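Chains here go by letter, A, B, C and D, matching the order in which they are written, and residues are numbered from 1 within each.
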């Protein structure tokens, strides 16, 4: 319970700006990669979710910038699920370099019908698939 | 008092994702363009601020996604200053297509000494320069 | 005959890399923006071409890097059509800062049926639409 | 002799465009990642080259687009050195999905003095470091 899903990436040259550090907008793209990788662990792939008839759209994002990351550094990206509502899922994201925090934040996605884009209830198989990465509700 | 600074951009093809809409991380880059353009209006340019001995780093970002934007659409980007603290500035961002809201959000930047990256007090000329785009403190 | 279509863009902060200059891959995205703007001048919009039943896919690109461009600089993007074959169009791109060349290059696109992605002959209305920006065949 | 340096990447969601395929400009960024990884294999890292007093700037790029790549696909990126001149290096790039070619191309970089950006002769240790990935001159 509560363990985050983790993976590693290496900072690309084109992701760094004139200050020599990762340009802030790329961290939101890194959060998106967390969703892709968590979905792979939970459901096989993002496409596998689509194939079962639901999609997600992002509704809210928050990012806390703690320290810069630089070209060619290896970053650890960690993601866990902090809340599964009726139609929305809240994920917590931590990006660090070794033990040093770089960026923390959260994303809220809404489940939708891919044809109508109308909100739809989170299917039971999604809840089961994400359960291993759910933060303990009694210990948030 | 309180009027936002506004400018227009057109959505580029490469900014749209496989859902045919602007990929979420690009909105954070659009907020960054708001800072560049507000700084131009307030100080002449971002470089003019650097030339006077201070820089800014982003500390926090929040984005509320209201509706998608599509390739080739013209978007209006609006930014105003909601708080000027001792060392940090909070800006409010609204992106809309015509009168339709697309993304709202905020950025918090901290003023730093460009050599040491240590926090530094916001200079008086920065407060004067940003005053025309300050939201009324008594009417936030 | 032979006048290029021109428009201006301003270099964004996030487009510059740790060397403080525009990251090379963005120039290929700038060439793509040239196509979008030339298509707007020639056909109303890229979408208008799709609505008439053809699409284009890029087949080849070449870029010659002459000088760096920096954050906040205004660049002039120029594009003309150097060859219209049976199914492919070759465009010439020049990016400059004032009179100083920054990047030159070319793109070759192939016209396709949007449903099958099979090559398709360039329609006569495309030839007419692009004619004002055709380089003189006798004086390439 | 002549074996390319290879590594793998996975296509990110934000790298795909409204046609559902990797946006063309990202392939030039993938070529740039090839340089980063080849340099790591040859010299320890890009930074290790800078620490020894030389830098490189891109002078020319060519890309041949053979087939589209899609979100979440794994791509193999291969790079080899086809020519080492007095001051410039030509690299050949092949991107494929399994055995299917996606994009081929080349980059030409010039070695420069990082302080003056003037062209500088390729050091002997660079020639030695890149030798394992040199295409056979007698069999180009």
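As a working rule, contacts are C-beta pairs under 8 Å (C-beta built on N, C-alpha and C of every residue); 3 or more make two chains touch, one makes a residue touch a chain.
Fair warning: this is a prediction, and the values are worked out from it, not measured in the lab.
Each chain gets a centre from the mean of its Cα atoms; the one farthest from the centre of subunit C is A.
Of the two chain pairs considered here, B-D and C-D, the higher C-beta contact count falls to C-D. The mean-CA centres of subunit C and subunit D are about 24 angstrom from one another, to the nearest whole unit. Distance from the subunit A centre to the subunit D centre is 30 Å, each centre being the mean of its Cα atoms. With centres defined as mean CA coordinates, subunit D is found 36 Å away from subunit B.
For subunit A, residues that reach two or more other chains under the stated contact definition are 13-14, 23, 25, 29, 32, 71. Remark: subunit D residues 13-14, 16-18, 20, 23, 25, 71 touch subunit B in the complex. By the touch criterion stated above, subunit B contacts subunit C in their complex at residues 12-14, 29, 32-33, 36, 45-47, 71-72.
Across the complex, subunit C is touched by residues 19, 23-26, 28-29, 32, 57-65, 68 of subunit D.
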